[in-house]
Structures are given as structure tokens and as C-alpha cells.
Amino acid sequence: MEALLFYLVALVAVLSAFFVTKCRNPVNSALCLVTTFLCLAVYYVMLDAPFMAAIQIMVYAGAIMVLIVFVIMLLNIGSVGKSVYRHGLIWATGLGFLLFLIAAKFIAGGSVTKQVGTVTAQVVEDYGHTELIGKAMFTEFLLPFEIASILLLVAIVGAVILSKRKV
Amino acid sequence: MENLAQIAMESVNFQAIMPSLVLCCFGMVLLLVSVFLERGRTAPVAWLSVVALIITGLVSIGAWNEPQAGFAGSVVLDNFATFFNITFLIAAGLTILMSDSYLHREGYPVGEYYPLILFTTAGAMWMASGTDLMTIFLGLEVLSVSLYVLAGFFRGQLRSNEAGLKYFFLGAFSTGFMLYGVALLYGVSGTTKVAGIAQAIAAMPDAATNPMVIGGAAMLSIGFLFKIGAAPFHMWTPDVYQGAPTPITAFMSAGPKAAAFAAFMRVTYISLDSMQTDMSALFWILAVLTMTIGNFIAISQRDIKRMLAYSSISHAGYALVGMVAWNAVGFSGILFYMLVYTFMNIGAFAVLVLLGKKGEDNLTLDGVAGFGYKRPFLGVALCIFLFSLMGLPPTAGFTGKFFIFAGAIKAGYIWLAVIGVLNSAVSLYYYLRVMVYMYFRDPVEDYSWVKLEMATVVSILIAIAGVLILGVLPGPVMELAKLSVF
Amino acid sequence: MYNNLWLIPFFPLVGSIINGLLGKKIKNEKVIGSIGTLAIFASFLVSCQNFFGLLGSEQKVFQETVASWMTIGNLQVDWGFLLDPLSAVMIMVVTGVGSLIHLYSIGYMHGEVGFYRFFSYLNLFCFSMLMLVLGNNALVMFIGWEGVGLCSYLLIGYYFEKKSAGDAAKKAFVVNRIGDFGFLCGLLTLFWALGSKGVWTLNFVEISENAHLLQSGGLLVTVVTLCFFLGATGKSAQIPLYTWLPDAMEGPTPVSALIHAATMVTAGVYMIGRMNILFAMSPTTMMVVAIVGAATAIFAASIGFAQNDIKRVLAYSTVSQLGYMFLAMGVGAFTAGIFHLMTHAFFKACLFLGSGSVIHGMHHGYHHAHLHDDPQDMRNMGGLRKKMPITYITFLISTIAIAGVPLFSGFFSKDEILWWSFGSTRGHWGLWLIGAIAAGMTAFYMFRLVAMTFWGEQKTDARAKDHIPESPLTITIPLMILAFLAVVGGYVGVPAILGGANHIHHFFEPVFAHAQELYKIEAHGAHATEYALMTASVLIAFAGIGLAIYMYVKKPELPAKFTAAFSGLHQAVFNKWYIDELYDFLFVNPTKKIGTFLWRGFDVCVVDGVVNGTAWVVKGLSAGLRFTQSGFLHNYAAAMVVGVVVIVGYYVFG
Amino acid sequence: MISVYHYMILAAILFAIGTFGVLTRKNTIVIFMCIELMLNSVNLTFIALSRHLGNMDGQIFVFFVMTVAAAEAAVGLALIIAFYRNKESIEVDDFNLLKW
Amino acid sequence: MADNLLSLMTFFPILGMLVVLFIPRENGPLLKSTTLVVTLITFVLSLPLAFNDVFTVSGGMHYREFHEWINIGNYFQMNYNIGVDGISLWLVMLTTFIMPIAVLSTWNAVEKNIKGFMALLLLLETGMLGAFISLDLFLFYIFWELMLIPMYFLIGIWGGKNRIYAAVKFFIYTAVGSLLMLVAIIFVYYYAVQSGAPMNGFGIQEFYRLGIPAGAQYWLFLAFGFSFAIKVPMFPLHTWLPDAHTEAPTAGSVILAAVLLKMGTYGYVRFAMPLFPDALQTFIPLLATLSVIGIIYGSLVAMMQEDVKKLVAYSSVAHLGFVMLGIFAMNMQGMAGGMIQMINHGISTGALFLIVGFIYERRHTRLISEFGGLAHKMPIFATVFLIITFSSIGLPGTNGFVGEFLALMGAFESGLRWYAVVATTGVIFAAVYMLWMYQRVMFGKITNPANENLSDLSAREIVIMLPLILFVFWIGVYPNTFFEKMNPAMEQLLNQMESKQVALVEQVEQPAVAQLIEFK
């Protein structure tokens, strides 16, 4: 059952991912990408990370993709019909494939360590995923969290500066 | 819920992040200040940011020799970090000093420029002091994102846009690889703490053969190598350096590069120490490749800014030699070299800043013909920096190179050292050529537009002082560099 | 008592320096001339004192060290002087003849631009020559050896605006240098050879004391002596290095008299005399010396036949006479060699000065007539005996002397040489034959010279012929003195069989006897043979004289016939057997070609080509590599991915 | 039973596709989307691993990756807009000012 | 005073340079005279060395100064470690002696940017003096490279037509060699460290006692020797010299010939040979061959030159061939000959370049064909030129002879007999090319109207030449003044080289670093 679901979603994810690179129209690519994101969200749920799934949908599918589509519309280069691909398609395919081979090699050939933490599906059940995240975030990873805030600040300021029309 | 707050608080140690903390506070304050200043008035922000840097400098010096760890081991403020922090601060300081008049000349008097530099510096500091890949990664991102902005800062200039975009895309692209590496390492070690990974790998019997470890290490390195500008991940460097505003180019070539080295060294020498043979073999090749490509391509450049970009690639190569050596001398060599490089390279760019006209600060060799006679001070200054970049005594460039090559030779990498010196022999040519034009050609223009802006001159003077002092009496600083390695 | 040897070279040096530095200021020829003359005359007086002192004293070898020159490790060279019969005679000749020639020059060089320069050089030459003969070690000798070369360079090039003069000067010095190369090699070899035997020295006395350490007749000593002999051939204009001497006649006549007749060119002979012990140890070398000497003697004489330039004839006769001296040295007749050196100094100096006097007269005549003919061409002379009687008489006497007519000095010395070359243990009848023939030829061309110059009717251009005066006293007095010496000079060495005591022979014993006894060198034979040979040589001489008189006085048209008949031969002789051309073809031009090739071909193209080529390659690579930086984002990204794939792939799969 | 490796392989595929897209597309925005795709594949890896290893670090990391993605999106799009204003284009081939 | 005389002497020019930098650029005379005074004072400061008899008795280092400079514990340590012995003594003297002359020679030659010129000259002097007195390899290297910078500008700014090419060539060519030497220096240091030998920073006296394995020595000697051979320059590496000489301004050529070239030969004597004696033994045949080739080759090429300065430049190649041959003889005579020949070449060739400078100032050409018959117009010049010419030919009684003779004699006594014989032919060629040149320039009628009204040497020019001529004869007639101070040092050097070879034989096991030469 789970396996079936996995492969099904995987198929969708891969296909939509491929169409991201394939579609002539950026908007279509964007929509495909959203699809991929949703597939990933499904996986997150399957992996007992509902909170992440939620964020995935809200932040990615929601915020980021909306922003992108917004920009696409803004610049209204919706369907510029020039050739979509550059030359060197074969090279790119080859490289991508090689990359995958290598990755596969060190995934298949390599070995992840056994369980080190205490968080199991049961634990998630008991505490609730959000609380676990929050706890980790505000104890162990407090500093990165703060840095992230700075990062966002910088991004905002930068975006503002760059997109202002005149000084 | 209050117990959560307690748990949160006990792991907090503000000592450990004090420098970056100070910088960020100043940064935010300055953002507000620049909002309330009327249009086109940036000088106060500039000076305040210099003050900020000085204060931060004092703070970080205060942390010397008393290592502070904190935030559940995600950051540590040891001598290593402090040495680099000082380097970043100097880089930022020199940059800011040369920036203000430049921004006005180019018509972008935007106050947010300075806070961004401060945030960049803070990000660099997190990279240098982060002991958790998460911290390092986020530091790197803060650094990168603000650099994307700064590189594309002249939004009206196509060159600047292009620089920003190229930097952005390639940066993001490399981030992807880096993250993949982190993920793999996380997979094999179950943690993202530098020390934890080290233990895990050390505990692993087949670490050297486990593809996931090696792959993770390699992929992780790529992120850093990209920022360092090591071949074959160097290709963004010339374009971005050429297109970005000159002070930013100066800053990029010194600060972020140093930051990348800092993080790279910490990760490599702590987490991946057990993989020395593989890693230094990798670095050997990269070092040779990098310095050779940088030097060779630089020869055929006529645009001085772009030439310096290539030269900075080759210098990254020299620094990598120190990584190959994999011994204390080599490490502290890199620390020292980064400091030296900050002085000499930013100094050189500062001269270029003064040399440029509005809108066209990419001057070609012919653009400096006979320049040395018209503006003796700038001429001499540029000569000093170029000699230092060549690595000629009695300048700092020589002592720095000596330090690094000493490390390599001590470790027995004779050929590497030979290749290195032969490379710097090649580099002589294009550095000398600048002087050829500056002094051996007759002036075609009177360089009337060149004004000796006070702040910029100050930064040049500081750089000269640094270059000469580190060249003649490098002892004390070398000693510090020695005390800074783990 | 012999602590004033250093004065002998010192005076001329001072004179030279004074004239050289202040001459321009002084201007007054009298003063300059007298300074120069007095300087050399002073050293003549000192020489006399030392010479007669030496005659009187029992001890025959005196050394005087002024200062140390070089002291490094086992090498110790001093500024030292050596007085023994050999050097004593030489300094007498040098200073004596030198003084006369200085005196002569005052008159001869009258009105020249560089008068002071001339006297400065002349004094400098005397200094060098005296260093050469007085030095007590090979290095001091070498100073003189090269010093005289320098001075001959300066003096030949005295009329430096004439290209021929400049060339001749350069030629002289360079050819001498080739000799000096030999000398130097010999010196070094000798030093090392003796040193390896434990005696590190360059001092002549010590050398002759320790020479026996070397294996007699061994390769080493042969090499050493041959090297030295090469030096001698250069300095004394022997085959193959004689070519510079005739050209050297470009210099003023007094120079030719002093340097190229009396003193410098005899340095080689003197040097062999100085090293007689070494030469005696190597029969091979002695043979070479003898053969070269004999060959030179006859060869140069043959060229002398056909020259029309009065000084060139004398020059070739000098070469051939020097050949005689080397013949003497070669057969072990050291004494005879030096003896002939002395007599030759007298009559040849006299001859040159006489020719100078003639040229002076001719020049005066042409000058008066505003003609620019060559005053040295004998074909324009003739019948001058009436115009300049004193010159004529003295010249004739010396000619007789050189021709070897009995009772004149040349006879005694030449005869002794011939006798030794026949009878010496190192001699051979062939050598005697050549010598005798050469003697006859000498007699012939010398009288041809006299005939063309003084006898017959005057062929000088009509406008000039009556304005050729006799030369002033400053010129004629030296002539007379030298002529007198040319007559009596020989009587110090009258051979025993003519009832003479042969003083000079005994005088030289302390120098030569040692070697001659040690290595069995003596001339032995019946008195009958000696008489026979003597008469034979005399007859040959007279035959030559007679032939000359017959051809140039009785039947003046004959020579033309001969040249017509044997035109090819005459051309060859007239052009000095084309030796200069040969040398140019063999050595000079190839060297220049090689030099040019090495520079333009090798140095610029190959050596520098490699250097610039490297730079070029680097630039080329750079120009190519920069295009990897295409500016396209995709390429950059692709490069990164390739990097990743290669690096990671290498580690994961490798 | 679906193991962590399945997830990682899937992630690897997505990563490769993303790379492929970056290398091939001309449209800058699409390129950016491909990069996002790569980041997401990494996220998947992280979460899968975090689940397998049983600690939260991976998920936290994903959290930050998302932040970063957002930040980059903001800045990157701003850059693209600025470029568009000057060049009226968002094709990467039009980044051709700086080369050699 | 006496205890830091050397430092004073060495760094005084730099002080002078600072002074010069504060003189307004327009005030040419003041600039020149200040520089002259500075160089003269430096010369005076160096005089006590020449008159100190301690050199006659002991061959060790004197006027030692030692301060710790950089000390990074187990990393590395450099010291300010200087001193003078009989070998460097006369080179130091030569430097301080030549500098005022060089300054005087540029009195009218340099018009543009006098200030920079003078400043660079002074900087250069410090560099040269420092290189001669350093006893610490690192310190030596610093001075060694420091010399490049001013020379580069001297050639490049004030040089002739082709100056840029010449300057860059000079710079890069020399730098390549020295960079390789740097690697070798560092290697020697770490070898010493890991072999646990007693050491004193990069102090050479300690390194002398090092027993470096033969395998490593070869490479090290190659690195050192290559760098020095370029500077000398030895045969195949000489092509930078003619360019640099022809293009450089008179003062530049003088200093280049008189002092900078000696750096190479001095480097061999002081560093390359005593540090790596048994590598030396292997390389002597090669080096001697190159020296001899240099002698013949230099002479032949010089013979055909059309440019007087180029001719002199190539003659330098020949002269330094004699120097090298003498040094490689490895015995007293040879060493002494080589050392004195260094001084001679400094004086004679320096003087020749001055002379070329004189006529160049008058005619602004150096082509032999442009001249001819100058002797008419310039008798004093002719005399001076003649004296120098013959000193360069090596006429006995002048300095040249002493040097060449001793060098040849040394070579003859050592194994290099046949080399010596070949080299001796050099004396013939020397005569040929020098005299030919002299004849073509000075003799004959004045053919070129431009030469009709040339002025004879001015008082200044005579003053410049007189001291040189004085030394030409002094060294020629009484060289013992110099030898007596050299001999002890040379003896010590030679003994110590021999003893070290002996020591090397019995030494057996090498520390691991010996294998470092198996390169990674």
C-alpha cells in the first residue's frame, strides 16, 4: 500500500519535475513545479513530518511560487516563443545523467548510520510534530533561527533597493 | 511552556556571538538612520558604520585567547574565528572608506549600502565561527544574499545587473550542491555539528571507502570552493568582479573569500581530518589548476579590474597550497595570507576607484598610460600593491607567500611549491605590464578628473601601512596566526 | 753595489710620464726631446756602471727585489730584477742604441703634431724593454713582453689618421697576442710542472737551478719550450707569425730602427737565451727552433729581393737576420745568437736610421716641390751619394757589415752561427747550407738596395731632385756612431781560429756553459773544415754582392728582363708569396663569419629565441584559454557540473 | 517496505532533473525554478534521513533551507526585474556584456 | 658606532632616499648633490672596513650584527644576521665606491624626473650592500629581490628605445631564477630542522655544517646555481644582459656591470658552493665548460657588434667566464683570481660604460660606424679610453692581467687544465674585439661631420675617471693590498669545503626528510 503510494507519487513528482524543464511557457513550468512541491508534501506526511508538509505547501507552493508567477506576469513574458532550449542539450542530459549515476552510487554504495535520535513515529504521535520542531528550534538551533531572521531582513532590504525605480 | 524558555536560555552564550551581534545591531540601527536621512545623504551612515566596525573590532579583540562556545555547540568564538573576524572587519572598513565618494560619483547615494556590508561581515563571522553546518550554511547565505544585492547594486547599469544575476544564479546553483553534501554527511553521521561529524566519521571503520562520506565531503567542499573561486568553480569570478561596483569587487575578493576559507578549513580539518590523503590530493590538483588558470588568463587581459579578478583566482590557488600542506604552518599561512591579501588587493582596488570616471570604472591598460607621473602618490601606491601581489620583498605579499610555501615544503610538497613559484613568475608579467603603462609610457590624458578623496586616501594609506609592516616586521602577526590554528 | 738596478727602467718611465702628462703644456720640442733623451741616457749611464761592475766582479749573477707583487698560496711573485752577463749586454744595447735613436728622433720628428706623444711612447717602450730584459721572474718579463707589444702598437699607430697605420698597429698587437698566448701557456705549464715536483716558482734563477727535476727530453719540457717558442715567434716575427713586422713599417722610421730592428724583435731570442737550460733539455724543440729559424732566414730573404719600398726591404732583412739568430739558438749556439743580436742591433739600427735620413731628404724634396710621391720608393731614388754623403758612407758600412764581409762585425757573428749550425751536436749540414745561401741572398738584396738608392743616376722627379739636402747633425751623429759600432762591434767575438780571444764567449759562460755542458752541446770539428766553411760563406757573400752590382749598376736593364722572364715567380715574390692573403682566407675571415653567425644566427635566434619563445607560448596559451570564459551562464554552470562530476566521480568510482 | 534509500534515490533523480533544467533553459525565471527544484530534492533527502535517524536536525535544516529559498527568491527576482528594466529581456543569453 | 657600522652603512642610503623624496622635484641640482653627498658619506662609512687589518689575520666574519627578527617558534625563524669577511669586503667597497661615480655620471645625462632616478639609485645601493653582508639566507633573499625593483625602473623609465622589452626581460628572467632559489632555501631550512642540526634561523654559517644527502644536494645546487648563473650571466642564460645593458642609462649600466653581475658570482662563492660541495663536484665540469664557452662565445659575438654598448655587454660575458673558471678551480690562485677579477670587471667594464656614456651624451648614438677619428678632437678621452681598453684586454701592469692570470693559473693547477688552455685563447680574442672597436672609434680620419666639433672630456668627467684609472694600476701593480685581506677568508672557505666533503663520507643515516626530494 505504502509502496504503491510512494511509486505513484514518485511518478507524478518526476514527471512534473521534468515538465518544469520542458514546458515552453514559464507559467506552465511554474504550475508543474507546484505539482512537484505538492508531491513532496505528500512524502513529508508519509515521513511523519506533517508540519514540514504544511510549510512546504504554504511557503513554497504558496509564497514563493506565487511570487514567481507574479513576476512572470509582471514582466509579461508569458509565452515568448523563441527556442526554449539552448544548444548542448545532449551535453546537459549526459551531465545530468552522470550526476544521477554518481548520486545513486553513493546512495546505494554508501550506508547511512543507524538510528541515532529518539524521535520515532510514536514520539511524534505523542508530542505532536510542531512541538518537537519548536523545541529543537528554540533550544538547539536558536542561533541559526536568529541568523535566518537577519537573512530575511537582508533579503527584504535588498529586494527593495534593487527594485526601486529611482534613487 | 516557561521551561522551554529556560532550556532555551541556558544554551545561550552571548559572548560567543558578541562581534556579529554588535554588527547586526548596528546594521539595523543604520537601516533606520538611513531611512530618516534625506535622499542622497549617506556620509553619516558611512562614518557610523566605520565606528561600528571599530567597536566590533575592539569587542572581537577582547575575545582573544578566551574561547567561547555557545548555542548548544553551534558556534564558537576561538582565536581562529577572531583572527578571521579581524580580517573581515579590516576588509569591510577599507571598503566602506573608499565607498562613499564612489557612490556619490556614480550616482547611487543609497544609505542601505553600508548596513548591507555590515550584514555581509556578520555573515562572514558566522561562517568563521560556526561549528554547526547549519550556522555555517546560514552565515554563507547571509553573506551571499547581501553580496548578490551589492553586486547588482547599480541597478541602472547593465554591467552591474549582469554581475548580480550571474553571481546569484551560480551561487544558488552551488548552494544546491553544498546542501546535498550536507545532507549526505548528515546521513552518515546523524548530526550537522562539525565535531559530531568528525566523531562519526572517525568511528566509522570504512570512512575512507564509504562513498556517501566521500561524496558528502566532496559536494560540501564544492560550496566553499565556489566562494573561494577555485577552478573549475571560478568562472563566475571575472565577470562578477568586473561588473560589480569596484569597492564591492574589492570587498568580495577579500572578505567572502577569507570567510569561505575559514569555514572550509574548520570543516575540513575538524570533520574530515581522517580523510587527509584523499582531500589533500584533491586540493593539490585544484590548487595547481586554479593558480595556473588564473595567471595564464590574466596575461591576456587589458581591463585592469578584470585582470585583478583573474589574479585573485590565482591567489586563491596559492592559498589552497596551504590547505594541501595540511599542517599547522600551512593553516596559519592561510590565515596570514588572507590578512595580507585583504590589504594588498583592497588597496589596489582603492586606487582603481580613484582612477575611474563616472560610469566607466573599468579602465584598460591604456587608461593608465603615464598615470604615475600625473598622480605620483597613487602611482607609487599602486606599484607597492602590485609588487606585493607579485610576492616581492619587502612587501607583505612575499612574507605571505613564503609562509604558505614554507608549509607546503615542510610537508614535502616540493613540486607543488615549484609550480607555485613558477606561476608567480608568470604572474610577474601582467603585474609588471601595469607599471609599464603607468611609468614607461607617456601620458595621453592629464587625469584631471582624478581627485584624492580623503577617505579613500586614508584607506589606501592603511593598506600601504599594512602591506609594508607585514612585509618588514611580520613576526608578531605571524605569531598570532600561529596561535590561531586549532 | 747593484742596488740601483731598478733605476734603469725607472728613468724612462718617469720621462714617459712627464712627457705624456705635461708634454702638451710644454710644447717646446727641445725641452720635450731632451727630457726623453736624458731619461734614457741616464739609464744608459746606470747600465754602464752595472755592466762594468759586472765585468769586474767575480759573482756574475745578482738579483734585486723591490717589492712583492702577488702572494697567493704557493704563488709568490716579486717585482725583482736580475743582472747577469746576458741581461747586462741587453741593457747596454737597449739603452745605448735607445739613446742614439732618441737623439736622432729629435731631428727626425721635428715639427710633428704629437711630438711629445712620440717621446712619451718611446720612453715607455724603453721602460718595457728594460723590464723585459731585467725581470728576474717570468711574470715581470711578461710585463715587459706585453709592454713592448703595447708600445709597438702605439708607435706603429702613431699616424693614426692613416687607416693602414691603424690596421698595422692592430695586426702587430694581435699577432703578438697569439705569441703571448703561447708564452702564457708555457708559463702556466712550467709553473705547474715544477710545482708538482715541489718547487713553486717563476724565478729564472730558481727555474734553471731546478730544471733538472723535469725529465730531460721529456714531453713536458718539450711542450713548455714549444709554447715559449710560439711566444718567441710572435714577438720576433718568425714563421708563421712574421707577417706583422713588414706592415709595422707604417710607424716612424726611428721606431722601426729601435723597436723593429734593434730591440723588441730580439726579445724572443733573448727569452730563449734566458731559458736556455729548458731548451737545451728538449732536442726536439731545439730542432724546431733551428728549422724555423733557417726557413725564416731564407724565406724572408727571398721576399726581400723584389720589394721597392726601402723600409720594407730592411724589414724583411730584419726578419731573415732574426731567423739567423733563432738558427743559432736552435743549434745551441746561444752565445753566437746573442752576439749576432748585438751586432745586428748596431748595423740594422744604422741602416734604418740611414733609410730614415734618405726618406727625410726625399720628403723634404717632394715637400719643396709640392709633390705627393712616395718618398720611400727606391725607384725614384738613385745617385743620392752626392746629395747626402754621410748618410751614404754610414749606410754603405752597415751594408757591408750585414753582408758578412770579413773584418766587419756581421762577419764574425754570422760566421760563428754558420759554423755552429754545421758543427754543433745539435746542428746539421743542411742548416749550414740554408744559412749560407741566405747569407748570399742578404748580400744581394742589400747591395741592390744600396745600388738603387745611392748609385747610378738620380731618377727622382726633376722638380724635387735638387732640393734633397743632407740631414741635420742630430740625425747624422747617431748614424756615424752606429756605423762605427757596426765595424768594431764584432771584435769582442773574434773566433779562436782567427787568433781572437772570443771575449764574449767567455763573458757569457756563466749563463750558457752550464746548460751546454750538462746536455752535451758543443761545436767540434777540424780547423780545416772551419776554414773551408768560412771561405765558402765569404765567397757566397761576395757572389751575392757581385751579382747585385752586375745587375743594378753594370746592366740596369737586366732586372726588367728577369721579371719579364719569370713574371709569375716575380709576382709571387713581390706579393710576399701571398701569405697575408692566405692568413686572411684561413683565419681572419672565418673568425668574422663565425662571430657573425654566433651573434645573428645563434644568439639572437636560438638562445634568445628560446627565451622569447617561452613568453610567446605562454601568451598564446593565455589568449586561447581566455575564451573558455565565454560569458554565458550556461557554460559556467556546465563547467561547475563537470567539475562536480569529475571530482566526485573520481572519488566515488576511483 | 520503502526504505530511506528509496527516498534518497528519488531525491537524486529530482536533483539531476533540476541540474538538467539549469543547464538547458534560457529563461532565467525557469532556471530559478529548477534551482528551487534542486533545493527541494535536498529537502526530501533531509526529511527522509531525519525520519530514518530519528532526530529533528534534518527537519530543522529543511526549515532553514526554505527560508533561504524564500530570501533568494526575493533577491533573485528583484535582480531579474532590474535587469529586465535595462535590457527588456530575461534570457540568459543576453547576459553577454562581461566575458573573456 | 663600530658595532653597528654595517647597518649604518647599509641603510644610510635609504635615509638619504627619504630625504631626497622631500626635495621638490624641480630642484634638480639640489637633488643630484644630495644624492652625491649621501653616496659619498656611505663610501666614507665603508672605509673603516677597508683599513681594518683584522681581515688579514682572520678569515671569519667581522662587524657581526645579530638581532632576532622573525621567530615563529617551531615554524621558522629569521634573524637580522649580517657580517663581512674578506670575500665580501671588497665587493662592499666596490659598491660604495662605484655609487658616487654613477651619480656623477648622470649629472647631465638624466633630464626627466631626476628625483625618482636618484631615489631609486639610493634604494638600489641599499639592496646591493645588504645582499653582500647578509649571513641569513632569508635576509639575503630579501635584499637580492629588493635590487630588482629599482633596476627595473631605471631601465624602464630612463632607458633607450627598446627599454620596455629589456626591463621586463631583465626582471622576469632574474626573478624566475630567484624564485626557484627561494624554494631551495626553504627546503634547506626544513631539512636542517628535521635533521636536528644546530641552527640559527637561516644562518648560513650553521647551514655550512649541514650534511645534506647527495641526492638532495643536486637539486638544491641546481636551484641555487640556476638563479646565480642567470645573474652572472653564464653562457646560455646571458641574453638578458645585452638588452638590459644597451637600454639602461649610463649609471644603470655601470651599476649593473659593476655590482649586480657580481651578485651571481658572489652567490656561488658564498652560498651555492660551500652549501652543496659534493653536488658542486659533479657540476664543475658542466659549469667550467659553460664558463669557457662563455669566454670564447662572448668574445666572438662581441667582435662583430655594431653597437659599442652591446660590445661591452658581450665582453662582460667573456670576463665573467674567467671569474667563474677561476672560482671553480677551487684553489687559492683560482679563487683569488676570480675574486679580484670581479673587482676588475667592476672597474674596467664600469669605466667602459662610462666612456660609452660620454660619447653617447655628445652624439646620442652608440653605433661604431657613426664614429671614427675621435682621437683628433678628444685626446684626453682617447688616452683614458686607451688605458681602460687595455685594462679590459688584460695587459700586464693593469688590473685585468692579475685577475685573468690568476684565474687561469688556478684552473691550470686544478683539474681544469684543458679548460684553462682553451680559455687562454680568450686573451687573443679580447685584444681583437677591443682594439678593433677602439680603432674604428678613435683612429682614422674624421669621416662623419657630426664628429667635427666634439668637446673633450669635461673636468667632471675626468674626475669620474681618475679614481677608476688609479685602481686600474693599483690592482695591476700591487694587488697584495687586496689579496692580503682576501686570503684568510678564502683559505677558510676552501678548507671548510674540503673538510665537509670528508665529513659527508662518514655520515650514514639521513632523517626521513631526505626522502622529501621524492616529490609529491
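For reference, chains read A, B, C, D and E in written order, and residue numbers begin at 1 within each chain.
Basically, a contact is a pair of C-beta atoms (placed from the backbone, for glycine too) under 8 Å apart; a residue touches a chain by one contact, two chains touch by 3 or more.
The shown structure was predicted, so the numbers you read here are calculated from the model rather than taken from an experiment.
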{"item": "Separation of subunit C from subunit A in steps, with touching chains one step apart", "value": "1"}
{"item": "Steps needed, at fewest, to go from subunit C to subunit E via touching chains", "value": "1"}
{"item": "Centre-most chain, if every chain is reduced to its averaged C-alpha atoms", "value": "E"}
{"item": "Most remote chain, CA-based centroid, reference being subunit C", "value": "A"}
{"item": "Pair of chains with maximal C-beta contact number", "value": "A-D"}
{"item": "Centre-of-Cα separation between subunit E and subunit B, whole angstrom", "value": "43"}
{"item": "Inter-centroid spacing, subunit D versus subunit C (mean Cα positions, whole Å)", "value": "98"}
{"item": "Euclidean distance of C-alpha centroids - subunit B vs subunit C, Å", "value": "80"}
{"item": "Centre-of-Cα separation between subunit D and subunit A, whole angstrom", "value": "7"}
{"item": "Two or more partner chains touched - positions in subunit C", "value": "626, 629, 631, 633-634, 637-638, 641-642, 644, 648, 652"}
{"item": "Subunit A, residues touching no fewer than two other chains", "value": "86, 88, 91-92, 95, 99, 102-103, 105-107, 109, 112-113, 116-117, 135, 140-141, 144, 148, 151, 154-155, 158, 162-163"}
{"item": "Of all residues in subunit E, the ones touching two or more other chains", "value": "none"}
{"item": "All chain pairs that touch each other", "value": "A-B, A-C, A-D, B-C, B-D, B-E, C-D, C-E"}
{"item": "Residues of subunit A that touch subunit B when the two form their complex", "value": "102-103, 105-107, 109-113, 116-117, 134-135, 138-144, 147-148, 150-151, 153-155, 157-158, 160-164, 167"}
{"item": "Residues of subunit D that touch subunit B when the two form their complex", "value": "4, 8, 15, 18-19, 22, 28, 31-32, 35, 38-39, 41-42, 45-46, 49, 52-53, 55, 57-58, 60-61, 64-65, 68, 71-72, 75-76, 78-80, 82-83, 85-87, 92, 95, 97-99"}
{"item": "Residue ranges of subunit E in contact with subunit B within the complex", "value": "69-73, 75-76, 113, 141-142, 145-146, 148-149, 152-153, 156-157, 163-164, 167-168, 171-172, 175-176, 179-180, 182-183, 186-187, 189-190, 513, 516-517, 519-520"}
{"item": "Touching residues on subunit B, where the partner in the complex is subunit A", "value": "4, 7-8, 11-12, 17, 24, 28, 31, 39-40, 70-72, 74-75, 107-110, 112, 115-116, 119, 122-123, 126, 132, 134-135, 138-139, 141-142, 145-146, 148-149, 152-153, 155, 164, 180, 184, 187-191, 200, 204, 210-216"}
{"item": "Partner subunit C, residues of subunit E touching it in the complex", "value": "169, 173, 236, 238-240, 297, 300-301, 303-305, 331-333, 336, 373, 375-376, 379, 383, 390, 395-397, 401-402, 405-406, 408-409, 412-413, 417, 420-421, 424-425, 427-428, 431-432, 435-436, 439, 442-445, 477-480, 483-484, 487"}
